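Both of the next two complexes hold chain A, though its partner changes from chain B to chain C.
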Partner chain A sequence: MYKSIAKRLLQFIPVLLGITFMTFALMAIAPGDAATVRLSAGGTTPTPEMVAALQAEMGLDRPFTLQYFSWLVNFLSGDLGNSYFGNTPVMDKIFQALPFTLMMAALSMVLTLAVSIPLGIYTAVRRDKWDDFLIRGLTFVGNAVPNFTIAILLIYFFALKLRWFPVLATRDPIGAILPAVTLAIVMSSRYIRQVRAAVLDELAKDYVVGARARGIKEKTILYKHVLKNVMVTIITLTAISIGSLLAGTVVVESIFNWPGLGSMVMEAIGRRDYPVIQGFVVWVAIAYMMVNLIADISYTWFNPKIRDI
Partner chain B sequence: MKRKNAGHLPKSFWILVILISLLVVFSLFSKHLTPYDPYATEPSNVLQPPSAAHPFGTDGHGRDLLSRVIVGSKTSIFSAFALIAMTSIFGTLIGMIGGYYGGWVDAFLMRITDVFLSFPDIILAIAVAGVLGGGLFNAILALFLTTWTQFARLARSSTISVKEEAYIHAAKLSGCSSPRIIFLHILPNILGALIVTATLHISGMMMGIAGLSFLGLGVKVPQAEWGSMISEGRKYLQTAPWVAIYPSVVMVAVMMLFNLFGDQVRDLLDPKHGKNLLKRNTL
Partner chain C sequence: MAPLLQVENLSAGYGGVKIVRDVVFNLHENEVLGIVGESGCGKSTMVKAIARLKGMNTEILSGNIRFKGQDLSTLSKEKRRKIMGEDMAIIFQNPEASLNPSRKIGHQFLETMQNHRGAVRWSEMRDNAAEIFNKIGLDEVDRILDAYPFQLSGGMAQRVAVALAMLLKPKLILADEPTSALDTTVQKQVVEEMLALKKSLNTAMIVISHNMGVVGKMADTIAVMYGGRIVEIGCKEQILNAPAHPYTKALLSAVPKLGAGLPVGLKGRPPHFSCIKEGCGFYDRCIYCTEKCASYNNVACEIRKDHWVLCGRKEIYA
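Our next item is the complex of A and B:
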């Protein structure tokens, strides 16, 4: 077990190298020169001499691979460089925004699971009854609605019409509710269907037939046996959707002005603050891989038959 | 893969095919089908609510929204088609080469796909489009760079599962060249799963492009595109909600149509349907 975790962690290395190299190459071919961007950030029009001096200072005149390696060495010591604006370390910016994103992501995940596990089981049990059709119909529509449309509809009804929430809430925990609900609607549309399919799969298995034959209550079968086996599907889903959840936070945070990583990166994109964009991408890569690793480890807990990740 | 006779295809499939063909033809000629000029601004006609003259109302520049939604259909639908064509063809090619030749070629290609797959594609697309500086072309490029790997993976595993079949060995013995085997013997046999994945991804690609445009990283104003129109409508949500809502409704309807079509195609072609783990929604 520990051996396989170590092996997985080692596999992170080439992937991280690939991603960092790719983002680095991207910055290199991006239109506009980093030194000019940084000088213009101060509000002055840079002269060619100033640009050249700063280029030398930032090491931009060195060959590309050398620049990459020195960035890599810094990264290994926990330094992702400084923002072009205000010279704040990228690490600091990330740690400042991270709690907001984590809070919103956690809230939307909890909402999603709280809605989709019961509804998924319910629709499976009520298979082909009217309420099953209704809920499945709703999830079908939900699957076709982009997160930004849901966000706009929620703002329109709950912030503008009913005035339950502030339109652009920042920093208050109440401001996390509408963005989290937006993401939860998107994810639940997918989860309910998957949970329903997994429960139906499970209900058709021999052990359920056996348990029924032994006269065990349907509720006990459902909540004690089926649910535990369905958990593996739910964990897989959660791990897979972390990616779209993180992407969703970028869109939703910038709509609701929530001061998380998504707003940070959109602001950085807007003013070509390359080190911040790069730091964000690296951070997401690490987070995504860690979540998938944790998901794989948790399988062994729910299903002891899986010994090796 | 057993192909069903065209005569035995269900009626619902043909209805969807007809609806989608109509939609595609309509969007192709959308330029000539608008009631007004979608780009003509009229200061005296700003933010008019829906009426007989302007069924969807007008936007913040006095432009007719119906005309803009109609013209936007071409951008949204055809960029999704272009994207699906590019990613599926390129990904399939890479996947088949890796799966067929194996060895270091395969190892090398698969390490590249590993990098992309161990990373949320849309995040990378946002970063790529952001760094390249927006525009429809860059948005499509960004989504292409980050999504072709899904097809590569699928094509590779399907290729590996058919390449040891007797008919492939027979083809080799009778002297077929490798490209001939790949394209004439392997490709037709793995095409089913690829078509299913491609059709299921159409609405995802549309959502991706619209999402990038919504963030200001896709089409540039004033070009009409659904995502950027919805984004523009945000400003007027309080006073003129129709500016954001009508493009949204049309877009959702079109994506539902493509989702229905994708489900139908999957039911027809995919023997183990419903278990498509490759389906990853974007944005």
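Our next item is the complex of A and C:
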């Protein structure tokens, strides 16, 4: 087991190399460049000579493989470089945005699981009864409505009308609640259906009838037998969600003006701020791989047939 | 003494299709009833109708089932739950149907005791399990209790499932083809173990099997089913040695015997349940069939003491 974990950690290296190289290549192909963006910031159109001079200064005139290698060498010595704008170290920029992203990811994930596991089980047990239909109808709406609509509705009712939350509270933890609820509504709508389907699947298995034949209480069957087997599904879902939450949520962050990684990277892409984009990609890749590794490890715990990862 | 289980005019089925028709029998304490018949004769449905667990989807269309004098259909869910496992247990065809593959066997034994006896400790459960394991010759109690079901061989897992069904010393065991999924040598072992347990715990059993050898070895009474009806019921010796119903005769002649050449088979298939209307269900395959059999509704007739036959042509067995 420990050997497999070590192996998986080693596998991170080629994946990281591949991903960072790919982003570098894509950015090189993409139209527009950092020097032009930087020079046009004042509203004037720069002359080609000015652009060429700045490109040379920034090292953008070198072949892109060379640029990649110099980035890689710096990265291996722990330096992600500086942003083209304001010269802030990329590391600082990421660590500035990260707490906000982590806070919102944690809050929305906890909310999602707290709502969708009980409701998923409940709707499965109440299959085809009125409350099952009601909840499934709501999840259908939650799936269909885009998250910015939900965000605006929440702001309208809870911030404007009821005044429970400030409309904008960019640095205050209370400002994390509405965006987290927005994300949780969207995610729960999907989760409830998936948990319900998994529970129904599990309840149809032979061993459930077998447990009833031994006079095991329905509650015990549900929480000790079924839930344990459904956990594998829940972990898979959670791992995918956490992965994307850790990358930041662009739309929701910009609506609520939440200074997370999503806002950071959107700004960087607009300005062709390559070092920041590269730094972000490294973080996302590591976050995804770590989350998947942890998910795989926890599978062995819930499904004893999976002995190794 | 009142019978342990009284089945009165039971008709049952799934989703409105009647499978089991007008079944009547009594089962006394310590008695083993073997139910035989080819596939699709309603054997399993009858047992499912008795257990009627959520998920089996059987519905009782008419008739009564009394267990220890109580009408099972009038009991509350909670009372029925308490009966299951404690007084009545089921052995399924596959161990996968009895045991959750992702929970340790010991936990499944423990929770069975806890759900009926309140706070039970692991050590107490272990003693109980060891007692049963001992009777069926399973050693390594702790290794088995600490294992997951998929870590045991099929035969071993089925023996554990038998032990689990017997754990609370129920009065009645319903065994639906308990040995069909096992290879022949393990079959024999499991049959012998079930008999040994039955002897020491005085359990009554209903054993479904399409294996005449298993039924011949285990049963005191044999019921032959065809088209959802019991067509013949009586003590084992009479059914095996002096079968009266044409179907029983055909069934017995289809049992292969060593050195006797090929057994005589019976052409055709049992009728589809939705087609059965009236008359004898067996008439289209019966060599004694006459015209009136197609419409004549048979009435069970006691040809000897406790030996009942459902056939309108008395002259063939009288």
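Some observations on this one:
Note that in this section the second predicted complex is superposed on the first by the 271 of 309 C-alpha atoms of A that agree within 3 Å, B and C clash if a C-alpha of one lies under 4 Å from a C-alpha of the other, contacts with A are read in each partner's own complex, and residues count from 1 in each chain.
Methods note: a contact is a pair of C-beta atoms (placed from the backbone, for glycine too) under 8 Å apart; a residue touches a chain by one contact, two chains touch by 3 or more.
What you see is a predicted model; the values in this text were computed from it and never measured.
Partners chain B and chain C, once the complexes are superposed on chain A, both fit on it without clashing. When the shared chain is aligned, no partner comes close enough to touch A:56: not chain B, not chain C.
Put chain B and chain C next to each other and count what each touches on chain A; the higher total goes to B.
In the superposed model, A:290 lies in contact with neither chain B nor chain C. In the superposition on chain A, no contact is made by A:134 with either chain B or chain C. Look at A:6: by the touch rule set out above, it reaches neither chain B nor chain C.
Angle at chain A (Cα centre) between the Cα centres of chain B and chain C in the superposed arrangement: 80°, in steps of 10. Contacts of A:114 after superposition: neither chain B nor chain C is touched. By the touch criterion defined above, A:217 lies against chain C but remains apart from chain B after alignment on the C-alpha atoms of chain A.
In the superposed pair of complexes, A:209 makes contact with chain C only, with no contact to chain B. Per the superposed model, the minimal spacing between any CA atom of chain B and any CA atom of chain C is 21 Å. Residue overlap on chain A between the chain B contacts of one complex and the chain C contacts of the other is empty.
Interface residues of chain A, counted against chain C in their complex, comprise 203-204, 206-217, 220, 224-225, 228-229, 302-305. Within the complex formed with chain B, the chain A residues making contact are 14-15, 18-19, 22-23, 26-27, 30-32, 140-141, 143-149, 152-153, 155-156, 160, 186, 190, 197, 240, 242-244, 246-248, 250-251, 254-255, 265-266, 268-270, 272, 274, 277, 280-281, 284-285, 288-289, 292. Across the interface of their complex, chain A is touched by residues 51, 53-56, 81-86, 89-90, 92, 94, 96-103, 107-108, 111-112, 115-116, 148, 150, 164-165 of chain C. Partner chain A is touched in their complex by these residues of chain B: 111-112, 114-115, 118-124, 126-128, 130-133, 203, 207, 210-211, 214-217, 227, 230-231, 233-234, 237-238, 241, 244-245, 248, 251-252, 255-256, 259, 274, 277, 280-283.
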